[in-house]
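Shared between the two complexes below is chain A, which pairs with chain B and chain C, respectively.
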Partner chain A sequence: MLSRLTPYFLVLPLISFIAVFTYIPIASSLNLSFREWDFLSPTMPLVGVENYRLLFSSHEFWNSLKVTAIFALVSVPIRLGLALLVASYLVREVLPSRILRGALFLPSVTSTVSIAVVFSWLFATDYGMINAFLQTLGLGKVPWLQDPQLALGVLIIVNTWKQLGYDIVIYIAGLQAIPQELYDAAAVDGGRKGRVFRRVTVPLVMPTTYFLLVVSVIEAFQVFTVVDIMTKGGPAGATDMLVNMLYRIGFTLFDIGQGSALAVVLFALLTALALFKARVLGRRVHYEA
Partner chain B sequence: MKPDSRLLAGLALIVGLLFLSPVLYSVFMSFQTVDGYYTGNFEFTLENYELAIGQYNFARYLLNSIVVSGSVTVIALTVSTMAAFAFARFRFPGGNLLFAAVVATLMIPSHISLIPNYLTLARVGLLDTYAGLILPAISNGFAAFFLRQYIRGIPVALDEAAYMDGATPLKVLWRVIVPIARPAIFSMGLFIFITEWNNYIWPLVAVGDEDLYTLQIGLARLYRVNPSEDVVNWPLVMAASTITILPVLLGFIFVERHLVRGITMGAVK
Partner chain C sequence: MLKNLKKLLLAGLIGLSGSISAAQAEVTVEFWHSFDGSGGEALGKIIENFQAANPDIRIDAQFIGNYNDIVTKLQAAIPARRAPDAVIMEVTRYGLFADRGVLMDLTEKVNADPLKDDLFDFAREVGVFEGKNYIVPFNSSTPVLYYNKEIFERAGFAEEPALKTYDDLLAVSKQITEKLGDEGITGIAAPGQFARWGLIMDNDSDLIDSKTGEILIDSPNTIEAYEWMASLVHEHKVASADGVTKENNGRDAFLASKVGIMLNSTGNYGRSKKALGDNLAVRPMPCNKVCAVPIGGAGIGILSSADKETQDAAYKFISFAASPESNAIWFAGTGYMPINKHTAEQPLAAAAVQDKPGITVAIDQLDFARGRPRPPVVTWMRATEYDMWEAMALGQREPAETLKDFADRTRKEAERTN
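So, the complex of A and B:
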């Protein structure tokens, strides 16, 4: 019967794309990670776990993992904390909050390359706007992107500036789902603003927080563009993220085996994170209707 | 409107513009001469745009970005709407498994497929082609997941009435579901278009031919060819940057609400 095949026919195009460009590549990354290849040679011999052994014994990998973890662990709490605070002020559907929401949201849909270029200028040592401002205050020039201590901080600032509006928009949707009666009850009990925020808003918006936490940690572990434009991982590896390392090994050193091993490790790391969310956090979150 | 809410709106606008000031200033800078920029005297000029479009090929990059993002949007919406309809309305063996496979792509980091996709496209000779830029971007389950949720909210009675009149499933999809789901499809389309417009790592990997650069790659290269930061032609770079963000910036005001809906509905569900 033709009609029994209908749903298969409908899903076939999407499933084919996903199979060819997502699922088969996972298997082929795994396969390539046990081989040695440089894009050119006619053979790709199996080398066992050699690529993983080299990866785990390289300073480069542990440095990248550390830098990426710091980036994620610092930028995510700042983003979420700031976003919830701002969102709680902009939650009402009135003109002033709609205007401000729009402005804060805009960077999250703007080209990351453009933003990285603009902030490269802002933080440029000579002729940059921030140093120009510091000089009018009688302070010296700061080598923002050339100083290993500062460069990662600048990237965190840029990332926060870009993504904050997204977090705010999601939080506002979450906040609007909280029944007004709960706030009314808190008001009747004479709760002060800060207390209501801590005791009512924060716990009730927890599902949204968990969602954002997972999404933004996963995203932070995949940060690439802003780093590639602003610092290229430098100075001296101080901002070298995992994906920047992956791009370098795969597409400038053409070490396919090593690059694939790194991709597999990154994949395993993020999958573990996603499962952690589903299994552990998922059980503790039951505020949704 | 009460006077104090007008005051608040004005205040919100000022704070918003301050927040956006780095980008706004970069647009302003793009209309300045290089000499004016370094000496601090403002002289209005369009020469940065002439240079970017003429000598630096940004008209071509703009065209490439439009072709690639437009194609990705149309193809992704078509295959995702079809799949969403199937997942929302049909129970079929393997359906749940396939749906899980689609949803799981939301959690799978795209970088795992970077090297394999490069190899796949190299094998079939699609590197340095529009197809090579477009096809891998279709492999995303977000739109199908989101639209399936939306379609489930449409009363089945509408489908049944159409089937009664002898419509085929494709006709029901096209004549009944698509018109009702149009706002959701539109939101998804915007979301896909902007995501693809801003895509950087894949075109960086898949394209070496300068004639196929998208705006993102063109801008990154233009910024890079400057030997060091003190001799960067910042006004020229900012003109290129403005061309890169302009379509999204202009459209943003009209479509913000749709965009926000696309993003939040996917998240809060």
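So, the complex of A and C:
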């Protein structure tokens, strides 16, 4: 009897930890999403689905959803494509590769706030280094963070720059797990580099791609710090991603009910996306060579 | 040996009990504020003096960030029961906290305090919400007009030009940008929210009527003021858009001698003087249709959640911070206006008036200074105004249509929250 319960006892501390910091807050958010509260009032009256109705009828929510979807759809393929390309060049265990891997990984472990502040300076219209450089080339100033068409692109560049190193390191681990014999066999058969990459490397690194896809889509939907520091969701809502909107509703406009409703919608959206990816892409992932 | 050990043990016990009783006697007041740089230094000096005079009270002062950061952190700290004992609150944004019972009603304490009669009327008024006192003023300000003398000279102004109306400011800004734009110098910093409020008042309007609570965001004079402010950035390009998306960029550019004119709080006097030295000139805000400026700044409130002993200690501190001696340190160190009638008698304040030209401009404006509304909806309105201003200044939305929409939303929010 005791031996049957032992595994449960062993995982109990971890389950308790997750319950306190994940499951209880999720349940609490769900509860708050049906109430009206401003953090300060002693009462939290039930308002039914009013918060959801207000959310779905607001232009801001649909704009945020669109902006977040664009951010994810553009940034994730760029990140993964670039990371695989760079990783395939850095996979060999030689000193320059190791140094470059370290250099590329550095932004991943650097404070996002520091990165966002530095890039804000770089991309400033009148006082930024990038425009100063463009002017030395005889080009005009570009309103990087003030033009709605450009601001999201800048955030994608900054986020890609920060996350690329992590993706590269994971890809290198995936590439190193591919048996060398397969490349040798392809070489004997006269396979060209590009074809070998497409037919051998890409399919066999699929489990890593799948893992990075899941992680990076979740991360893209939860981007906040870079937005908060660099644009605060502006200009004119052009970078107002879902978590930024959630923060604004909850912590600036004091509407915890509607903020919680948005958190629940975001949770449902990410769960649906994860299930979709598992159904559609999970089948194409091969874990054996 | 054993005797010595016993003696040592006894001495240790006495020492321990002594330190425990001393620790028990000390009341610690956790105080959240928003002052760094010269403000932080001046506040540190005031706290040091207070603790020297009250050795049984310790002020645990914590810099939290700007006024917005304090509001955000405070609202999250209250349900988590981690709120401080005393907090600096901006004069238009404490109404919500007073209305919800978060701030202690200080009316009785203020009425019993001789300080009440020493405070200027404008300073006493900022602490009153719906007839009760919730904060004691600490740093009061009005926006003023700063300019860089060297930039003016280099732009061809041998004498000081007129800086009275919107047209005057635009003409000067255009000349600076035309003459010195190649060096990356612009005429004027995009006005921050406090200055925007001042420019709206100069145009004989307001955002919310402080007496009736009527929303005036879409009134013709407010629309006209926003149209002019937005045109500085979008149409005439005499103000950098960098100062629109990040308010402090405009101020930082002025401090770096990259901007000719800045409209900003008198609380920026200290850092501006430090950055520009004798090149700094300070003038009153323009009087486009009328002469009027908003009273800004903040006061210190006490949290209802603190225990009585801590509340008493906290009040002792905030009363001390508003005393002539402390207020003189604050005035001389930062440029914020004196709030105490006797501050000017202090040698430190007298020396500041003598040595720091321009420091008294804000005081001179008090004749036409106006209080601002502080019903709960103001917190929402001010948070939302940033997005509206950004859209107008960057030319993404027409001011009239934007302000109509903003006014409608503010009215709805006022119904919900007030």
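Basically, the second predicted complex is superposed on the first by the 262 of 289 C-alpha atoms of A that agree within 3 Å, B and C clash if a C-alpha of one lies under 4 Å from a C-alpha of the other, contacts with A are read in each partner's own complex, and residues count from 1 in each chain.
Everything below uses one rule, namely that a residue touches a chain if its C-beta (ideal position, glycine included) is under 8 Å from a C-beta of that chain, and two chains touch if they have at least 3 such contacts.
On a predicted model such as this, the values are computed, not experimentally measured, just so you know.
Asker: Thinking of the overlay built on chain A, is A:S111 touched by chain B (first), by chain C (second), by both, or by neither?
Answerer: first
Asker: I'd like to know which partner A:V169 touches here: chain B for first, chain C for second, both or neither.
Answerer: A:V169 contacts chain B only, not chain C.
Asker: With both complexes superposed on chain A, which partner does A:T231 reach: first (chain B), second (chain C), both or neither?
Answerer: second
Asker: Which chain, chain B or chain C, ends up touching more residues of chain A in the combined arrangement?
Answerer: More residues of chain A are touched by B.
Asker: Looking at the overlay, what does A:F251 touch: chain B (first), chain C (second), both, or neither?
Answerer: both
Asker: Looking at A:H59 after the superposition, I want to know if it touches chain B, chain C, both of them or none. Which is it: first, second, both, neither?
Answerer: In the superposition, A:H59 contacts neither chain B nor chain C.
Asker: Between chain B (first) and chain C (second), which, if any, makes contact with A:R192: first, second, both or neither?
Answerer: After superposing on A, A:R192 lies clear of both chain B and chain C.
Asker: In the overlaid three-chain picture, which partner chain does A:L14 touch, first (chain B) or second (chain C), both, or neither?
Answerer: First partner only, chain B.
Asker: Give one of first, second, both or neither to describe whether A:S41 is in contact with chain B, with chain C, with both, or with none.
Answerer: Only chain C is touched by A:S41; chain B is not.
Asker: Where on chain A do the contacts with chain B and the contacts with chain C coincide?
Answerer: After superposing on chain A, chain A residues 120, 124-127, 251 contact both chain B and chain C.
Asker: Mind pulling up the chain B residues that touch chain A in the complex?
Answerer: For this pair, the touching residues of chain B are 1, 5, 8-9, 11-13, 15-17, 19-20, 22-23, 25-26, 38, 78-80, 82-83, 85-87, 90, 92, 95, 98, 101-102, 105, 107-120, 135-136, 138-139, 141, 144, 169, 173, 194, 197-198, 200-201, 204-205, 215-216, 219-220, 223, 229-230, 232, 234, 237-238, 241, 244-245, 248-249, 252-253, 256, 259-260, 263-264, 267-268.
Asker: For chain C, which residues count as touching chain A in their complex?
Answerer: For chain C paired with chain A, touching residues are 68, 72, 75-76, 78-79, 96-97, 100-102, 184, 186, 240-242, 244-246, 249, 253, 258, 379-380, 383-384, 386-387, 390-391, 394, 396-397, 417.
Asker: Please give the residue numbers of chain A that touch chain C in the complex, ascending.
Answerer: 38-42, 120, 124-128, 143, 145-146, 148, 231-237, 248, 251-254
Asker: Along chain A, where are the residues that touch chain B in the complex?
Answerer: On the chain A side, the touching residues are 3-4, 6-8, 10-11, 13-15, 17-18, 20-26, 28-29, 32, 94-97, 99-100, 102-107, 109-115, 117-122, 124-127, 129, 166, 169-170, 172-174, 177, 208, 211, 215, 218, 221-222, 224-225, 228-229, 243, 246-247, 250-251, 256, 259-260, 263-264, 266-267, 270-271, 274.
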